[in-house]
Amino acid sequence: MNSIYTLTATCPDQSGLIASITNCIASNGGNILNLAQHTSVDLGMFFCRIQFAAPSISEPDEGGKIFSPASFTADFSELAGKFNMEWKLYDKSVKQRMAVLVSKTSHCLYEVLLKHADGQLDCEIPVIISNHPDLCSVATEFHIPYFQIDTQKGKEACEADIQSLLEQYKIDVVCMARYMQILTPEFTRRWDNKVINIHHGFLPAFKGARPYEQAWKKGVKLIGATAHFANQDLDQGPIIFQDVVRVKDTNSIHEFVEIGKDVERRVLVEGLKRYFNHNVFIHEGRTFIIE
Amino acid sequence: MNSIYTLTATCPDQSGLIASITNCIASNGGNILNLAQHTSVDLGMFFCRIQFAAPSISEPDEGGKIFSPASFTADFSELAGKFNMEWKLYDKSVKQRMAVLVSKTSHCLYEVLLKHADGQLDCEIPVIISNHPDLCSVATEFHIPYFQIDTQKGKEACEADIQSLLEQYKIDVVCMARYMQILTPEFTRRWDNKVINIHHGFLPAFKGARPYEQAWKKGVKLIGATAHFANQDLDQGPIIFQDVVRVKDTNSIHEFVEIGKDVERRVLVEGLKRYFNHNVFIHEGRTFIIE
Amino acid sequence: MNSIYTLTATCPDQSGLIASITNCIASNGGNILNLAQHTSVDLGMFFCRIQFAAPSISEPDEGGKIFSPASFTADFSELAGKFNMEWKLYDKSVKQRMAVLVSKTSHCLYEVLLKHADGQLDCEIPVIISNHPDLCSVATEFHIPYFQIDTQKGKEACEADIQSLLEQYKIDVVCMARYMQILTPEFTRRWDNKVINIHHGFLPAFKGARPYEQAWKKGVKLIGATAHFANQDLDQGPIIFQDVVRVKDTNSIHEFVEIGKDVERRVLVEGLKRYFNHNVFIHEGRTFIIE
Amino acid sequence: MNSIYTLTATCPDQSGLIASITNCIASNGGNILNLAQHTSVDLGMFFCRIQFAAPSISEPDEGGKIFSPASFTADFSELAGKFNMEWKLYDKSVKQRMAVLVSKTSHCLYEVLLKHADGQLDCEIPVIISNHPDLCSVATEFHIPYFQIDTQKGKEACEADIQSLLEQYKIDVVCMARYMQILTPEFTRRWDNKVINIHHGFLPAFKGARPYEQAWKKGVKLIGATAHFANQDLDQGPIIFQDVVRVKDTNSIHEFVEIGKDVERRVLVEGLKRYFNHNVFIHEGRTFIIE
C-alpha cells in the first residue's frame, strides 16, 4: 500500500508557487490526491495544503523506487528557502497523541470518544485527566486510563502533575473538553498552539465565566460555541471552529445551557477534525482553515 | 368586517392571569385569534400578546353590539391595576408611520421598500431622510419623498432638521437602514425605543466602526448582523433580531462586506416585522420576542 | 409540591374557545404555566396545548382542596362535547415507557440513552430490542435489558417476539433507532402513531433503501433526516421533525453517510422530545407541532 | 493590467495530473491565483478549476512576452489528449450574456438585477422577456429592454419569438426567474445546460406545480428552493444550488409562499454566481460544484 503524506506550506505570495511545489512532489514520486490553496489578498500570503500518495516499501513504484522523506525534505528545503516558506510534512501512519482534560460534565468527552471510536478523529487518545472523579466510568467504558489530579495542592503542583502525565504518555496535543480550570501562562506557553479548548460562547463575545448567563441577560438571539487554541489571554487564542444555534426568548438560562451542549460537543469535534487533518494554519494571531 | 386588535401585557407572574385576561376580552365581545404567552422562570415575569377580532360598525355582533375600545380600556385597566400590569392595545387599522434614515448603500433601503410593497411590513413609510444624495432615485422609484440633510451644519442642526421632518410627517418610529451617523443621546432619549438600527456585526461583539474588518482580523467563522434599538450606548441597545452566515477563511475582508449585506437586510426586515406585529417586549434592558 | 398536567385539545375553530378552556382549568384549581395555540386558516381547525400546575395531596390549596382529574374530566367532557373537541390530559408524574429497536449502528442509540440520562427525554426506557448482538454492550453500560430476536424465524415470528416483549415491559411507544427491518402493516396498525422511526433522508424525497446514495447520485446540496411515525406506507407516515446539513460536491457517498449520522441522531431526539412533551398533533395525515 | 483566465478540466483520475496542468500554465507565462480540485472516489473522476493571471498587451512580462491563448490552446490540447480530458478556457474580460425570463412575480428579477448592479454577477443582462406586462417597470428602472411575448399564439410560436430575441441579443445563457411556463423539449435541447431555472421546492421532492402546497400538506418542517438546469424532464435537470428554511406548523400555505420567496431569490443568485464563476461541472447527470 502507498504511504499518505500531508504537506502544509505558508509564504509570501509569489509567482510560480504551485507549479514549483507540485513539481517537487511529482519528481519525488508523489501523486497528489488533494490540493487546497489560498492566497490572502488582505495579507499577501499564500497558504497551501497538499495530500499525496507515495510508493512505500510494501508498494514500490514500477522502477522499484520508494518515496524517501529524507530526500523530499532535502529537495523541498531548497525550494522553501527560495520562497521564504514555512512548511511541514506529516506521515499519515504516524498518529498524533491527544490527552483529554475534563471536569464533571460528560457531553464533550462522550462526543470525542464516540467520534474517535467511529474513526472520525485521526489521532490516538492514550489518557484522560480530570480534577474530579465523576467521569472515570466513561473512560473505563472506552478502556482509556483516567487520572484524577488533586486541585487541593494548588495550581502549580497540579499543572506539574498534568505535565508529568503528558510526558509519560508522550502527548502531542491537549484537548480541554469542558475542563473548568484556567491554565497558567507558563503552561500554555509551553504547549503553544497545542492546547485546544471548547468555550461555551460565541467568541469574542462572552469571554470568561458563565457565558450563557451573559448571553441570556443581553438577550441575544443565537448562542454559540468556539473551539480555539488556549493561550495566555483567557478565551482569546486563535479560533479553529465556531457554530451557533437559534434560541427563543422564551428559553430560560438553564435551557440555554442544555441547548448549548449540542453546539459545544459538535464544535469541539469539528475543530479537532480540522486540527488532525492539518487544515489549521496560524498567521498573525488568527487561523486560516484551508480545506 | 371585524376589527383586529393586538393586546400586549407584562406583569409579575401570578395565578389566574390568562383566564382573567381572556375573560375580559371575551366579555367585551372579542374573539381570540392568536395567543402567545411566556413566563420567565429567571425573572418571575409574565409576557402576553393576544390578537383578537371584535365586532365593528361594519359588522356588529348578532345582538347589534360593537366592540368599544373605551369600554375595554375601562375594564382592562381595573384588571391591570390588580395585577400590576403594563399593557397596550393596538388597532390593526391604525398603521404606524416609519421614517427611514439612509446614507449611501442601497441594499437595506431596497429591502425595506420591497418588503413593504409586498405587504410584509405593517406600517406606512411616508419619508426617507439621508445625509447623501445617492439614494434619491431609489426613493423616487417607490414614490416616497426624499430629503437630504446638510451635515456641514453640524450634528445639532442636522438632528434638528431630522426632528422637524419627523414631526412634519407625524412619524412614530425611525429605521436606520445603514445610516452612517451616530445619533446624539438627546435624540435617542427623545425617541426612546423608537429608533431601530441595523448593525453589521453580531453584537455584543464587534461594536462600533468596521465590524467586518474586526471580525476578519479575529478569524471568526461566522459573521452576523443585529437589529436593535439605538440608545445612548453605541450599539448596545436592546437586540430585536440577529442572524449569522458562515464564512470561509479564504474570504477577504471585502468579501465579508459583500456576504454581510444579505444578512443585514434580512435581519433588519425581520426585526421590523416583529416590531410592527407587536412581538417585541422590553424588560430589564433586553427584549423578549413573544410570537 | 404541585402536580403538573398537560392538556391537548383539537376541534373546529369557534369563537370563545380559549376563554372556555382556560376557565375550566381555573375553576378546577389549575394555574396555567404555558399555553400554545394555533388556528389553521387552511383547515379551520384549532389546536391547543396547555400546561398547568394544580394543587396535589402534598400541597393542597389554601382552602385545603386538591385538583381532581376525575372532576376535571367530567367538567371538560361537557365543554368538549359542546365544541366537538378531541382532547387528552397527561399527568407529568406518569412517565411513558419507550422500547428502543436497533440493529448494528450505535449513534442513534447512544444519543437516545445519553439525552435520556441527561434528563432531556421525559420517559422511561425499560428495554432495548435488536436483530443483532452488536449493541448489547451499549445497553449494558446504561443498565437496560437487551434482547436479541432471531430473524431466521421469519418476520411474523420475529414480530410476535417483539410484541410479547413490548407487552411484558408494558411499553407505550416504540422508537426505531436505525432498526433496519421493515415492520409489517399488522404491526404498525396495532401500534398506530406509536412507532417513531428515524429515516436517514429528507422525506418525502429519498424514501426506501440507501437514501444517501440516492441523494449523492442526484447531486443534492443538502442532506437530511426525518423523524416520523411509521405506518403501513414505507417512510410516508406523519413527519415529526426534520433537519438538513449542507454537503459539498467533493464529499463521497461514504462521507454523506458519516455526515448524516449527526443529523439523524439530532433529529430523532428532537422528535422524541416533542412527542413526550405532547407537542405533536396529528390531523389529516400530517402533524402539527404546537409549542 | 494582467488578463485573468479560468481553466476548467475533467478527466479520469490519473497520476501526475496537477503537476502537468500547472506546468503547462506556468510555461505559458500564467501565474495561478486559485486552484480548486476534486477527485471523486465514487467515480474515479478528476475535476479541476484554475484561475490564473497572465501578461497582456497592456502589461507584458519582463521579457516583453504576452500570454497567447492560441499557443496555450495548442500546448494544452496535447496534454488533454494524453489524459482524455475535457476542458475549457475562459477569458474574464469576455462577459457571458444572460437573458432573463419572467412572468408576474418580481422578487427573483429584482434580486438578479440588484446583485448584478452590485457587481456580484459576472455577466451582462441585455434583455428581459416575459409572458406578462407586469414587470416592465422594473426593467425600465434598470434600463434593460423588456419584451412581452404573446402566449395566445401557442407555445411553438411563442418559443420561436423567444429564440429570435435570444439570437438578436446574442444570448449565451437563459435565466428563468420564476417564468411560469414549461419550455418544450426542443427548446431545452437546443439550449442544453444553458437554461437555469429556479424551482420553488427542495428537489427532487415537490416537482411540478404548487410545491409549497404539496409541502404544507405533507407537513414538512423545512421548505426550500432549487436552482437547476432545465432539461426535457420537468424539474429534474442537474441541481446547481439549494437551500432551505425552517417553517413552523403554525404557518399557513400562504405564509409558506411568502417565506419561500427569500429562499428562491437567494438560491437563484447563488446558482448564477457559481455558473458565471465557472464552478459548475456536469458529469453523469449531476453537477459537481468545484470552488
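Think of it as A, B, C and D in the order they're written, each chain with its own count starting at 1.
Definition applied: a contact is a pair of C-beta atoms (placed from the backbone, for glycine too) under 8 Å apart; a residue touches a chain by one contact, two chains touch by 3 or more.
Treat the numbers as computed from the prediction; the structure is a model and nothing was measured.
The most distant chain from chain A is B, comparing centres defined as mean Cα coordinates. The chain pair with more C-beta contacts between its two chains, of B-D and A-B, is A-B. Each chain gets a centre from the mean of its Cα atoms; for chain B and chain D, those two points are 38 Å apart. Here the CA centre of chain A is 42 Å from the CA centre of chain B. Residue positions of chain B touching 2 or more other chains: none. Residue ranges on chain C touching chain A, taken from their complex, read 106-107, 110, 114, 118, 120, 141, 258, 261-262, 266.
Taken in their complex, chain B has these residues touching chain C: 15-19, 22-23, 25-26, 31-37, 39. Across the complex, chain C is touched by residues 38, 40-42, 202-206, 216-222, 224, 238-239, 241-244, 248-250, 252-254, 284-290 of chain D.
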